[in-house]
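Across the two complexes that follow, subunit A remains constant while its partner is subunit B and subsequently subunit C.
Right, the complex of A and B next:
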């Protein structure tokens, strides 16, 4: 019986692997094809001659290096800023009692339900009045806080045993020290997950740079990739996929380093 | 109390961290304020364009040439800035106008001009180009330039639909590879001939642009002259649908339904499963490149006619925003004149494959050489005399792309009665034109 259940498990895993792995494989394989090969039917699983120059072409067609630097600056700044804002906010919501706490927490959560498409116009006007269109600030500041992050961390902070906190306070540890020495180490998986989700979200963000920039100064990579689709001359799928390969490398690398923490974070959250 | 003060300290630390960031941000980029006269007296203008690759190269090259010649002479400097697709451009132009950071000159998809002119974002260009210049553009290309009788847009990168066919398949099926279909009947009989080699003839999707082309080639149109109601259910419109439906049943046509229809059609054309299809002149270079790679030859022809040759046009014009005045307006006019001049039109045509917009280019020796080398390009040029505008009433696009194309899909995929299906669609979308 055990053998059967193991076989079943393996088959299940294989199917899941295929479902998740295939799109990535397809991206990689298309990235090395010629334009003609991308449209061949039945499609070839492997390109006849790997076209390495597709990658060079992507870098030529869009200002790749410039966009890459912009992507790095905005993404890292947002991740770091979110840590600085969400950790104290989550700590306050989790550990302090103050007037209007449920209301404030509710308001924070509500911001999660307002799509960016609703607020970009007023923010665009605001930024243009401060002469901040086409600056990094316009891409970073709207994401300096994260309601989702506050919520996620607060849930984790709520699970920290009261005894630990009381013991620390008896020893006259400062609040900063309590956060730093007790809460953060205990929440490492959640923090890593949050940082990674923010990183992925911001790294892939297309809408915000699209609507908030009017020239190349601070534009990011996803914009560059999307702009390779041409109006009337057809879509160069091989170049699009080459661009997508380049753009997903950092995410895959970071995930490889962090995946243990992520799995932990989600199993922890399932506990309570 | 103590807790709160600690929290305050943390907040202060945060602020300190954020401050240098805000500082660096404001110095990182030049001011976005759009168009200005610099301290040296040079007039700085922004020019917004769409799409990458050869189209971007064309925009950047021409702008550079302007700055190096006329700009240098008259103290004007134009910065070309890329904005994405036509619809991205429209969204950004609107928000930029509200934020007062709009460009001086922009490209605009021909159908959008009315809305932007009526919203007060554009200004008339009546004084910008001379009457003899206007007369030099093919009249069909000018049809989308006027709003309430005033000139708002000058033809720039323009296209028409043409018929592509696979010469190699024609040869195999015993047809003359140098002759594409001229009439609807040819389209049907040539499609039928492809049965011999186990392929399909004409492949098509439900598409508003090509439908406009075919309905016009039958003497009808999708709207009345004033664009106050849809007329795709006219006898000419019904006859067109009847032709395509019978083509599927008896004429070896292939219809591609659904959201991926256009992609499936592209794939089938590349894999030589269909011999004829419609495409934009803008796609010619890519189509030829793929054909070369896959080892077959491509021919081009006019959109086949029933009663007349008449095709809609597409692409983009140049427009000027409404806040410009005085010296800046004059500078923008110089730029528009330069970008749409016969020389620039020729350069754009050669670089991008978009149409040569000017009649004065008709006997140009550079073009003649180009057409000898790539005769497929000449078809688009020859078809220009039959070019016409596209309806651009507000609500037209929504009506035609939803109700009409849905109706067409229903007609091609079911046995629904053509007249009543079109009548019903017309009833639903006439509201949009009011």
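Right, the complex of A and C next:
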């Protein structure tokens, strides 16, 4: 019986692997094909002649450097700002008792349930009234806070033993120092995960730059790559995929460095 | 001077649950005061109020004659050792000890000097770079102590600091704490539910039940002259035998004051009587030995008497076999007398 259950498990794992891995593989494989190869039927699993110059081509066809800089600025700004806002908010929700705390926390959580498609119009109008369309601020400010981040960090902060906080207060530590020296070091896996999720979300974001920009000034890589579809010769799938591979590289590199923390954050939250 | 005074202190949680009501307590300067009592008696709450970790609902708290109700924990010149040590897990031993000093803006040179000195005292010198997770229970306990000592506080607060240690280490740490108190001559306030700990370490014992002080005195007095039935039964191991006067009257040859309602006596004061002997001015009763526990230097017996089970103990004497018959006698002067309210009857 055990053998059957093991075989079942392996098959399930293989199917899952295929579901998640195949699109990624398809992007990688297409990125090395020629335009002709992307059109053949049945589709070829492997490129006959890997086209390394596709990548070079992407960088030449669009102002890749410009988009890259915009992507870096907006993504890093959002990650940093979110840390600045979520950490104190999560600490307050976790450690202080104040009037209306349950209501405020509830409201914070509710914002997670409102789809972006509902708020983009009011936001667009707001930013355009402030003449902020096509500025970095319009891409950064809507993401300066994160309900999910507050929730995740608060959960971690709640697990920090009360005595540690009390010991620190008896040691005359200021609240900022308590956060910095005791709570944050204990929450490192959660912080890394949060930063990474924010990074990925913002780095890959296509919707908001599409809504809040009307020209190329602050547009980011995902939008930049799509501008190639405007070429008269039809959609150059091989170049789009090469562009996507380039966009994915930073995320993969960061994940490789941080995956231990991420697994820790989601599997084992206790610290002795 | 570091006398702690609680004046008419009340502590209520959630506006309903009153843990401590109108408590008055004076903890003398330089004393080793142990707050002892069963779980939920409010002893930890009192300690936490002294530390400033719990605000007072009503009343005043004075340290050194100054009202400290609004003074932050870090500004009270106190140090606290927690039950589970509360060491900062991400800092090294040195970091843990140094944290309070840095926050108090002690210069680096002075810090180094104090840390070296303290760590030699408590035997931590070689563990300075380790993290708490890499230490044994006893070592963590020492770090917690060192962290408190290094601040040179006027008052040490300890919340059951030995309860996580094994019996042998606990005994050893107990002696070390007594030594430490002598050396530092600071005020120690120590919370425990273990009466042995209280009796062995304290210069003053404050016995609490349901937020009310039952007796506050030296351990000797608390043991010799328990103020009420609760104290009599809480302090002493095995616990004091306690019977209603009317139940034991037929076996009593002593004259007792009118208002005596209950009679108590320590297990060590119930002495086996030799055959033919007829003690006077005492309580004398015969019964059958139910159980026998050999504790080393002493043997504890349970005896089934006509008015209930009596616990008694003998020292280095011949063993009594279970089921054998024994006559016990309790001298009039070994009896503790209580009135119908459970208060001690003074003679």
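Here, the second predicted complex is superposed on the first by the 242 of 272 C-alpha atoms of A that agree within 3 Å, B and C clash if a C-alpha of one lies under 4 Å from a C-alpha of the other, contacts with A are read in each partner's own complex, and residues count from 1 in each chain.
Rule of thumb we're sticking to: a contact is a pair of C-beta atoms (placed from the backbone, for glycine too) under 8 Å apart; a residue touches a chain by one contact, two chains touch by 3 or more.
If you're wondering where the values come from, they're calculated on a predicted model, not measured in any experiment.
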Contacts of A:185 with subunit B and subunit C, given as first, second, both or neither: second
Partner, of subunit C and subunit B, that touches more residues belonging to subunit A: B
Contacts of A:163 with subunit B and subunit C, given as first, second, both or neither: second
Partner chain in contact with A:124 - subunit B first, subunit C second, else both or neither: first
First (subunit B), second (subunit C), both or neither touched by A:173: second
Partner chain in contact with A:40 - subunit B first, subunit C second, else both or neither: first
Those residues of subunit A which subunit B touches in one complex and subunit C touches in the other: 174
Residues of subunit A defined as touching subunit C within the complex: 161, 163-164, 166-174, 177, 181-182, 185-186, 271-272
Interface residues, subunit A side, partner subunit B - complex: 34-36, 39-41, 61-62, 77, 81, 84-85, 88, 92, 96, 120-121, 124-125, 127-129, 131-138, 140-141, 144, 174-176, 210-211, 214-218, 223, 226-234, 236
Residue numbers on subunit C that touch subunit A, as the complex places them: 51, 53, 72-75, 78-80, 82-84, 86-91, 99-100, 103-104, 133, 147, 151
Subunit A partner contacts - residues on subunit B that touch it in the complex: 3, 6-7, 9-11, 14, 17-18, 21-22, 24-26, 28-33, 46, 48, 50-55, 79, 81-86, 88, 91-92, 95-96, 98-101, 103, 159, 266-268, 270-271, 273, 280-283, 285-287, 289-290, 293-294, 314-315, 353
